[in-house]
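Before anything else, here is the set of structures, which you'll find just below.
Two complexes come next, and they have one chain in common, subunit A, joined by subunit B in the first and subunit C in the second.
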Partner chain A sequence: MSDIEIEIDGQLVRANQGDSIINIADREGIEVPRFCYHKKLSVAANCRMCLVDVEGVPKAQPACSTPAANGMKIHTKNDKAKFAQKAVMEFLLINHPLDCPICDQGGECELQDVAMEYGSDVSKFNEGKRIVPDKGIGALIQTDMTRCIHCTRCVRFGAEVAGIVEMGGTGRGEGVKIEPFLTEGIQSELSGNMIDVCPVGALTSKPFRYEARTWQMNAVQSVARHDLVGSNIYTQSYRGKVKRVVARDNDSINETWISDRDRFSYEGLNHESRALKPKVKIDGLWQETDWQEALKFAIDGIKNNANSSEQFGVLSSKYASLEEFYLLQKLARNFGTENIDFRLDQAQLSNASSLESTITLSEIESIDHALIVGSYTRLEQPMINHRIRKATLNGASVNTINSKKFDFNYKTGLDVLTSPQKLRATLQSVLKAIHNKTNKDAPSFLSQVSPEDIHNKIADDLIESKNGVIVLGEHLNSNLDSIAITSLIEQIASAADLKIANITLSGNSLSAEKVGFMPDEKGMSAASMFNESTKAFLLMDVDLEYDFFDSKSAQDCFNQEDVFVVALSSFENQSLLNGADVILPMASYYETSGTHINFDGQAQSFSASVKSPGDSKPGWKIIKVMADLFELEGFDYIDSTQVKEQALQLSRNKSSFKDVDFENFDDSQITTHWQYTPYVTDSVTRRASALQKTNIGMIDSAFVSEATAKKLGIGNDDLYLGVPVSIVDSVAEDYVFVHTNQARKA
Partner chain B sequence: MISNEAKKEIDFWVSKYPEGRESSAVMQALTIVQKENGGSLNSELINDVAEYLEMPAISVQEVATFYENYNHKPVGKHVLRFCHNISCMLNGSDELISYLEDKLGVKTGEVSKDGLVSVKKVECLGACVGGPMCQIGDQYHEHLTKDKLDNILENLT
Partner chain C sequence: MKKKLKKLVNDFSLGELRTGLKVTSKEFVNNKITVQFPEERTPISPRFRGLHALRRYPNGEERCIACKLCEAVCPANAITIDSEMREDGTRRTTQYDIDLFKCIFCGFCEEACPVDAIVETHIFDYAFESREGSIIDKKALLEIGDKNESAISKAKEEDSKYR
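Let's look at the complex of A and B:
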């Protein structure tokens, strides 16, 4: 490993040949000032701040781009180094406005810190300073480009990490400006990281602007719950309100990046529709009341309406914490019902857990081939997509089988367009091709299948890959044939020796599966509960318009006179007021302790960052008290850690897709797939106003091919289920791909 | 839009670079497109070049704003590219530029009313021995004086 010895500031250090000096100094805790160097980005060496003295070299050398060699003697703090660093600092400050008192970066600014150390208190420069007019780059990032020192970290971030080159340095010499080509706003789903990498106040958070000074805030380590990754974050709060979320380093999970959804969703916490007081509906009128009354009303209502325990159903969104899932299923089971589910948006449900992933986040980086099935990965799971992108930079190839050609931030090879109803046939064809090529006997249900050319090519790539993965995405959820498809994916993976990355479920779904928040064979699943037989419901963080696959029948059921609905919810909206009979205000993200289980199966716990507003209470406490009021046994918890310990002892039931019956499936109908933009996936994000104003947040189009549009009798800019139609040729036939921020209507 | 002729010319330059390095031809492409557009570029054309060479638009913009030989505002039929670097400056280029501005009634970077001439200050053109100098089209004009300039302007049509 360490093959050379060098000396930094008199300290003998072992290092690898070719390591940069700054890298070694960082490891040894020797401070070298820098602006353009960033450990996750390429070396630009354009700020010159990290100049150090290397003995024997006449001029000071940039530590970031000078590789260490055996016997090198480096001084980072002698007169020569200091003189060089101070000179650079003086140049950098010539055009910097020094408006720190009104700059949001003040207090956490690398330029400010380094200027304290290396800057002069008097400037020799009397000429006018450069001013750069701001063009604006969207709703998330505030630009003050006069403050820019041209380190190009944001430019390199776009090119190297986000994969969308948006920022660039135009002009030359003193006239250089860092700006995007378009002023319509940044397109990337990871754009907020530019704020983190910017060493000065040129790029700051727009929603956070002038909200608080950085040193006034209270930072708490937390975990983002919006996707399967569980990115590590700090929440920063001021006077009891979360004011900002920034990334926390964790190399095996999110490296140093977080998605815009994780970063800006906190805004939703302070939305005006927060549920702040317990409420009950008496004779159709809502009344605010206290907790005692509301709980009594809720318990009595459930007991009176559910004549037998099987008439009680419990539903949750996929974003609750492990502890909440555990307690709520325990409450339901002790109550005597198996009608438990979190898979509200799935079209076809079984009693089995979802297909198990067989790869970890960091392993994805080293794959050599990926086949993506039914997924707009970039928007669904930004950080997982980022890992796939890193693999492609190392030479991995990617093929897709999707219903529309999506905009990935890496090159895809073969793109097979398949509508959801034809997906089974396509996968069968690929599976058959693999069997043909590997000279294995194909199972009998494939006897009639003869693979097309492109399916043979897909199969070739799968077989040839040594370290391939098949990625199964969110689109599966609304596929009426999902069980057969999952089975085929599993068979393809085993026939071609592939790893599986199942990203169909998001949020904290893996916690829900771990504690069995789903019915066994006696119970009803979310898809079958809305019939005559369920008379009382307990909902946790459920949005009646957005969350259900068939929201109309769900709402119709809840709205019935003789159906009693208790809602634990952080927010109120009209549909909830219509459907519910009791609203128990629940703490939201960052307001309660809990645990998230991520793609790697890692359980990450977090504590509450702020107190929940109004009278709202943490979900796990509400459930515990309800269980006590039901006089159920086994709910003597003092804190959520005890709940967590019990929950973690459970293990998800096995997923089994081995003996799926491939009976006939009707694939003749035109189908519609409804995909949400990433910024309406959960109740908090949906209310985060800045995210909604981004290019991604405003996506609202029903994509359809020309032939299908003709069949449906729709044209460009017509409304299809309330969504503007866009006729394109990159979408499968007999199929409408609705990509929207509107609530599901199909 | 890039015309088919222009595309053919660009393809010639693209063919000089290895496959996958099409973006190396960006400077020639911009020159060709600029010439076709009467001597200047606009963001639409920059976007077109980016699409044609499969580059991010901002990368093309970076090149187009870095080099002096691309104009981002409409120019006159003839562009007087006046050197204002050290040798020319010491030999009185500033004076000649002011003289030109007064005579034409326009500032550097603007187009004369008849659309015939615009003046642009550029960096060293490598003809220091003949300073002060300017470039018009492909022609260098050296050892300039006010009289010589008058003469040159009279002959521009």
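Let's look at the complex of A and C:
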């Protein structure tokens, strides 16, 4: 491994030929000041702060771009190095304003820290300082470009990591400005990381602006629950409120980055619609009450309304914690019902969840080919998309089979446009093509299929790849044909020897699957529960408008007089007030301890960062007390770690593959796919105001092709189900792709 | 024996009384040092640290920028500040409370302030009528500053040459 020996500050160090000096120094814990160097970005060597003295070289050398060579003797703290570093510091401070007291970076500023050690206390510069006008770059990032020291970390971040070049340097010398090329705001879904990489206060968090000083906040290690990755984060709270979320390094999960959704969703926690007190509905009127009364009312209501235990249904969103899922399903099963489900947005209880991912997050980086099916991965799973992007930078190719051509932040090769109803036919063609090329006997249902040219090419790419992956995305959830498609995906993967990345389920779904938060053969699933037979419901963190595939029939069911609905919820809205009979205020993200299971199957636990507001209580405690009031056995838990230990002992509950009827399928209808923008996926994010003002958050269009628009009799800017129509070429025929932040209407 | 004789002479010649009267008669003709507080006041050093005040710029804009350095430096945790972005985009306080029961009048807040907003005036004779009265808020602090601006700036001026 280490093939050379060098000396840094008199310390003998073994290293690899070609490692940069700063890398070696960092590893050995020797401090070298730097601004432009960042371990995850390319080396620019333009700040010159890391100058060190290399013996035998007349001038001081930048440690970040000088490769180590055998026998090198390096001094980072001798007079020559110090002199060079102090001189650079003086230059950097010439134009930096002295506004640290009002700068949000104050206290965690790399420039402040380095200036404390290398700066002079008296300025020799009496001329005027440079002022740079600010261009607004959107709702998330506040710019104060006068403070910029031109390290170009944000520029390199955009080009290398986010994949969208949005910031750039213009001008020369003193006139250099770092500014966005476009003025309509940053487009990237990872843009918040620019705040983290900025070493000064030029880029700071806009929602956090002037809220608190960095040293006042209490940082707690936590895990983001919005996607399958479970990015590691710090929540920073001040006076019991989460004020900011920043990334925590974890190379196997999120590296150094987090998505904007993870970073800015905390704003929703302090939304005015928080449920703060237990409430009961008596004769159609809501009354605030205390916990004892509310729980008694809830328990009595369930017992009275559900004549038999099968008339009781339990539903949850995908975003609860492992402990909450475990306890709630245990409560339901001990109560005697199998009507348990979290797959509220699935059109068909698909085979999708039985399809297991066979690749890990860090392995995605080393793939050589990916076929993405039914996913706008960039918005839906930003961190997984980032790994795919890293693979493309190393030469991997990506093909997509989507219903619309999406704007990925890497180049895609072949893009097949297929409407959901035609997806089966397309995948069958690809499978047939693979069988043809590998001279294997195709299954009988493929006998009528004749692949087109593009299917052959996709099959070629799949067969040729040595380390390929097929990515199955969440657009499948609302596809009525998802059972057949999942089965085809599995067959393609085994025929072409591909790995599978199943990202159909988001949030903490893998926890729900782990503890079996779904019905067995006797029970009813979410889709089939809203018939006459279920008379009492227990909902956990469910939004009646957004979360259901068929929200109208769900709401109609809940609104019935004789249906009793108990809602554990962190937020209230009109639909919940209409549908529910008891609202039990529940602690939200960062307010309760819990566990998230990510794409790799890693169970990551987190503790509460702040106390939940008002009278709200952690969900697992509410469920435990309810179980006690139902007089159910086996709920003697003292803390949530006991629950977690029990839950983790379960082996993953796999629903078995359903048989597929490949013969009869009607694909002649025009279909509509309702896809949420990433910032309305869960109850907290939906209420984060800054995210809603971003370009991604404001997406609200029904994309339709010209021919289909004619058939439907709609034109540009008409409303289709309340969403403005946009006629584009890049969408499949006989199909409407509704990409929106509005609640589902179809 | 000699000592006893000396004491006897002293006692009979009212020696103690004469010593005492000597001080009295000397002070009788000397300048008086008693000050008739509150009509009269003793001179105070420009560095005297009394009741706090928040200052304004001559154009009426409050100086405080909510940097919270005083809050951070306060050894008694007597200062509580909340900040926001004012409509014009500047950083301002929404709350600035000092608990005078906690305050130890060390003057660190004044030292830490980058804009000379929080100062300690020469006012030392104040009283509260209730326990809650010990907490003075931003409005009261600005009022104290407005009322005493001339005295504050004079004291600052006098002290400036030693800084």
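In this text, the second predicted complex is superposed on the first by the 735 of 746 C-alpha atoms of A that agree within 3 Å, B and C clash if a C-alpha of one lies under 4 Å from a C-alpha of the other, contacts with A are read in each partner's own complex, and residues count from 1 in each chain.
Following the convention adopted for this analysis, a contact is a pair of C-beta atoms (placed from the backbone, for glycine too) under 8 Å apart; a residue touches a chain by one contact, two chains touch by 3 or more.
Bear in mind that the values here come from a model prediction, so they are computed numbers and not experimental data.
A.B. asks: Taking subunit A as the common reference, can subunit B and subunit C both be placed on it without clashing, or not? Answer clash or fit.
C.D. replies: The answer is fit.
A.B. asks: Is A:G71 contacted by the first partner subunit B, the second partner subunit C, both or neither?
C.D. replies: Touch partners of A:G71: none, neither subunit B nor subunit C.
A.B. asks: Under the stated touch criterion, which partner chain does A:P180 make contact with: subunit B (first), subunit C (second), both, or neither?
C.D. replies: In the superposition, A:P180 contacts subunit B only.
A.B. asks: Answer with first, second, both or neither: which of subunit B and subunit C does A:Y210 touch in the superposed model?
C.D. replies: It touches subunit C, and subunit B stays clear.
A.B. asks: Here's one for you: vertex at subunit A, rays to subunit B and subunit C, all C-alpha centres; what's the angle to the nearest 10 degrees?
C.D. replies: Here the answer is 80 degrees.
A.B. asks: Could you tell me if A:G171 is touching subunit B, subunit C, both of them or neither one (first, second, both, neither)?
C.D. replies: In the superposition, A:G171 contacts subunit B only.
A.B. asks: Going by the contact rule set out at the top, does A:G722 touch subunit B (first), subunit C (second), both, or neither?
C.D. replies: A:G722 contacts neither subunit B nor subunit C.
A.B. asks: Touch check for A:I102: first (subunit B), second (subunit C), both, or neither?
C.D. replies: second
A.B. asks: So after superposition, what is the minimum Cα distance from subunit B to subunit C, given in Å?
C.D. replies: In the combined three-chain model, subunit B comes within 28 Å of subunit C at the C-alpha level.
A.B. asks: Need the overlap of the two footprints on subunit A, from subunit B and from subunit C, as residue ranges.
C.D. replies: Dual-contact residues (subunit A): none.
A.B. asks: Of all residues in subunit C, which touch subunit A in the complex?
C.D. replies: 65-69, 71-72, 83-85, 90-91, 114-115
A.B. asks: Where on subunit B does subunit A make contact in their complex?
C.D. replies: 43, 46-47, 56-59, 61-62, 65-66
A.B. asks: How about subunit A: which of its residues touch subunit C in the complex?
C.D. replies: 100-102, 106, 209-213, 215-216
A.B. asks: If we count contacts the way the header does, which residues on subunit A are in touch with subunit B in the complex?
C.D. replies: My answer: residues 159, 164-172, 179-182.
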